[in-house]
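Okay, so chain A shows up in both of these, paired with chain B first and chain C after.
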Partner chain A sequence: MNAFRVRQWFGVIVAMAMLAVPLVVTDRYVLKVLTFVGVNAIVVVGLALLFGFAGQVSLGHAAFFGVGAYASAFLTGTLGVPWLGAVALAVVLACVVGWAVAVPSLRLKGHYLAMATLGFNEIMSVVFVEARAVTGGNDGLGNIPFPSIGPLELRSPTALCVLVWAVALAVALAARNITLSRPGRAMRALHATEPGALAVGIDVAAVKVRVFALSAGLAGLAGALYAHAVGFISPSSFGLDFSILLMAAVVLGGRESLLGPLAAMTAFTLLPYSGALLPGIPRAVAETIQDWVPDLVGLTVVLTLIVRARGASLRFATRKQAEAGEDS
Partner chain B sequence: MSLLRVRGLDKRFGGVHAVRDLSFDVHPQTIKALIGPNGAGKSTVFNLLTGFERPDSGSATFADAELIGLRPHEVVRRGVVRTFQESRLFDSMTVEENVLAGMHLRLRASMLGAAVRAPRVRAEEREARVEAAHVMRMLGIERHAHRKAGDLPHGLRRVVEVARALAARPKLLLLDEPAAGLDGRETEDLADALLRIRDTGVTLLIVEHDMGLVMEVSDEIVVIDQGRKIAEGPPLLIQKDPAVLEAYLGEVGDRV
Partner chain C sequence: MSMSSADVLQFVASGLQNGAIYALMALGFTLVFASTGIINFAQGEFFMLGGMLAAAGMAAGVPLGVSVLAAVAATTLVGCLVERLALRPARSAGGLALVIITIGCSMLIKSGARHLFGPDERALPAFTAGEPLSVGGALIEPQAVWVLVLALAAAVGLTVLYRWTKMGLAMRACSISHDAARIVGVDTARVVMLSFGLAGALGALAGAVVAPITQTAYDVGARMGLKGFAAALLGGLGDPVGAIVGGFVLGLLESGAVAVVSGTYKDAVALVVLLVVLVLRPQGILGRHLGEKL
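What follows is the complex of A and B.
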């Protein structure tokens, strides 16, 4: 019990320290980048639950991110819905779209599920361009109102960053709690073996759909926060490349981990801004890094998978030997 | 009065007639063994009873409710829980987590409740851990509670699988070759555990090749060959049944 208390307090201190970061940083540009870090953290936590824990692939999360962003922007900017209500509706919409995608797609497995969600992302990319009345098409949607609750409006980069990080922290904590109890065990169980999960009474199909909807909802939440934080959104932010980057972060971060994907996604988010964030770095180097980000990400994923496959086979070999030893 | 009443169960896979017009009963708080040569259709019977496969015809009434047509998790909800011939443990989870997963249907925590760690959820989780410890102690695996299931040797895995099934508090427990790959001492321990489980009021139906174990623990035996029932009765009669001896000829030497 005491150890638990200590850990709880430790967690509180870490959380406070993290929320203090945006207050210490004064550079507007850096604050903006840190805001992106928080936004992406929310999406990647959702995807980690879906893929890292439940084992279900999605190459369509950028689209859910987009649904949340456009929905909240449209509701506040065009329809004049109050911010908090608009964000809530955007999350619900992303959940519902996620549910609608999940019900037919989750009958599929592995590559087929990847293809189905990839197709969904491509369809939504077209929708974001063509539904001009809502999205503004390729020109994008601007003048998105700042977050506001009643008379209180958050417009300073510091306030926006603290808001996003606070939400990200809450989401990460909630996700961690889920993974440690009944619904989390159900997710991990069906990932390990579906017949095994069925045999203990887990409604595998229902759990998959629920996790997918939750995960899509979190992407939608991140999208809504993103839209209000930057004030301008366009279809290029919600393309397949972002979906792939998210999956790469979860693959790199490891199975059944939240911190891993969070760390990987943070690195991916900061990488393109290395020139601005590291003052000493020569301009040419920074530009090269920026140009090669997708290649660096791809290379890291491939290397990780190779190393991990070798590690796994090593582990497997030692276990076999141990068993053989016990038999004799 | 029977707890499970199987009538006219029939299943074909293409040209193979896996289960033919099979009928038998399982009485409350007994251990019934389902035996037969390899490929006799024993595992298929388990799959048919637990919703993993649909029979072409036939019925299985459990405590006056029909099992056929239910999906696997709905069968568990009725109190019928199975294990597999090939281990289906949750390898990335600890032994304790496997047992807790076995209690899935008896716990209530939703995603939302779990996310905010509602007091109700925390209390439920605490109680669940106490009960998981109890189940593990009953099967003598409590000292492995925090080991990953994937790291366990074969014999222990079989026991964890029984523990996980038991955690669902089944009324009827279906064990598919629980002694497969166990050594002599482990099999002895398993026999004791099965009798203890029965004495807590659970009814068991086991598929098993180890005839020593079958004869020691079962109250009744049903023998099938090529999907068809060839004998049914108490162990002592089955051992002398000419039809059974013939079906087992060739296997009889090393098994009985």
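What follows is the complex of A and C.
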């Protein structure tokens, strides 16, 4: 069995083990936290494609997440659209909004794109509060129906968690296939050098818009799942802080990696709930951890980038050696 | 829709008051951009610190004037520390990595303020008590006069520093080329740190002087940062005069939008300005060319 097969089997086993976790865990609260892990995994995979692979930063992903959540909640709760259709429409809407943000932002690079998407997130925060007819304003939107397909309704925390994790797994696998195929190579090429990517015939503008729309759509999908899993949403879940947390996970997880951002986002998601997840931990310690999560995230971002800047030349050299060794 | 001349004047006055604040913020962005070529996402947090530190000083019994000056001084120091501790060690990474470091710093500053001062809104008393002045039927709070006067003083002081001092000359040299500045003996690292310190002072001044009107809280930074950046971009990033013009233009545009449409989406004006300028005229309304920097 060659290395590729071994890795494939390893992946399948890990996936099975992950899907088994919600079946073993019985605590409702822990299941809820694990559901959040799955939801956040979907968003961060999308952002990893956009930021980690294509090199296009976004500080607006919490807003796309919110668009998906409100759209699906409104479609099912108020308009009575069936769940599956509502989720599909929510994803399409998030994609379209992402596309609309991406097209004018195409001309922007790096920090300008960051500021434009940050602005988009701030505006959407205002919209989520002010568009009361759809969003319920600051009071939020409650009584969101559970996911259901025909007569089958998923109500139990276990079922919801399995659903979210199954979708997350499918998204992660699809994303991995994208990164290994032609569009993935195009994304990496434009990240490395835009003129170079243009020179080898990559339609840089089209790749950027597509990956932005895809990434926004995945955030919308996660938002829709989140809304139906928790049954209540309010504007505070879709603020800039969440966008920055996602960006931090991709920074920490590393360039051109899906597993890195996934691991980092999982850690960031679990940290605030350490009190519930680690039975032995004193309450005061758990509360302190929860209180200091933003500091920890901010510090992680700063230190990661400093360490990488200082170690870049060294790491580059060792990687070259490793690649040379693999080829021979 | 009919509007009396007093109404128009009222909107202009509020536009000028907000515009002065945006101008100070835009100057902060522009100084850092001129010396480093990056956008400092922590600029909004400098604004927040100015108001919160001054309010905390007052709460501790320190006189208002001393509180405000100490808040500006402390934020200047924070600005220098951001450069020295977080950005300088990663300088070789360049561009986007440095920008993301400022985002990390902004998280740290915001969260630090929450630990120190709590999550509640804070108020600061007006710098001078007194009845609103009536100008042509429009009512103008004395604090609005403070905002305009202090913004003007800061702009004049900065112009003097930039145009006629050796440090200002060094700053202008750095904005053209770091390498060339270093060759002629400019300590570029010091200039960059100073520009962050000044950005801190300008942000804090804006935050402290407007706090009596708007109140303040640990999380007001991001939105104000966005507006200050939009103003800086409008006037042409890296151009101090443009920053001031951009600030007032944005303030008046917002006021106009409130008068004509509604106050609900007032905050959207800055984003629309930001996107329109970025897409149509990235060098700003006064700027000449910026081509390679975008």
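Simple rule for what comes next: the second predicted complex is superposed on the first by the 305 of 328 C-alpha atoms of A that agree within 3 Å, B and C clash if a C-alpha of one lies under 4 Å from a C-alpha of the other, contacts with A are read in each partner's own complex, and residues count from 1 in each chain.
Going forward, contacts are C-beta pairs under 8 Å (C-beta built on N, C-alpha and C of every residue); 3 or more make two chains touch, one makes a residue touch a chain.
Bear in mind the structure is a predicted one, so any value in this text is a computation, not a measurement.
Asks: So, does A:Pro183 touch the first partner chain B, the second partner chain C, both, or neither?
Replies: In the superposition, A:Pro183 touches chain B alone.
Asks: On the A-aligned overlay, A:Thr193 touches which partner chain: chain B = first, chain C = second, or both, or neither?
Replies: first
Asks: Just to be sure I read the superposition right, which of the two partners does A:Ile123 touch: chain B = first, chain C = second, or both, or neither?
Replies: second
Asks: Tell me which partner A:Glu256 touches in the superposition: chain B (first), chain C (second), both or neither.
Replies: Only chain B; A:Glu256 stays clear of chain C.
Asks: Would you check which partner chain A:Lys208 touches, where first means chain B only, second means chain C only, and both and neither mean what they say?
Replies: In the superposed model, A:Lys208 contacts neither chain B nor chain C.
Asks: Touch check for A:His228: first (chain B), second (chain C), both, or neither?
Replies: Once the two structures are laid over each other on A, A:His228 reaches no partner at all.
Asks: For chain A, which residues belong to both interfaces, chain B and chain C?
Replies: Shared contact residues on chain A: none.
Asks: Give every residue of chain A touching chain C within the complex, in rising order.
Replies: Residue positions touching the partner: 57, 59, 104-105, 107-112, 114-116, 118-120, 122-123, 126, 130, 240, 244, 247-248, 251, 291-292, 294-295, 297-302, 305-306, 308-310, 312.
Asks: Using the touch definition up top, name the residues of chain B that touch chain A in the complex.
Replies: 50-52, 71-73, 76-77, 81-84, 88-93, 97, 100-102, 104-105, 107-111, 114-117, 121, 125, 151, 153-154, 164-165, 167-168
Asks: Using the touch rule from the top, collect the residues of chain C that touch chain A in their complex.
Replies: Residue list for chain C touching chain A: 38-39, 41, 86, 89-93, 95-97, 99-101, 103-108, 110-112, 115, 222-223, 226, 229-230, 264-265, 267-268, 270-271, 274-275, 278-279, 282, 294.
Asks: Name, in rising order, each residue of chain A that touches chain B in their complex.
Replies: That would be residues 174-175, 177-178, 180-186, 188-189, 191-193, 195-204, 210, 214, 255-256, 319, 322-323, 326 of chain A.
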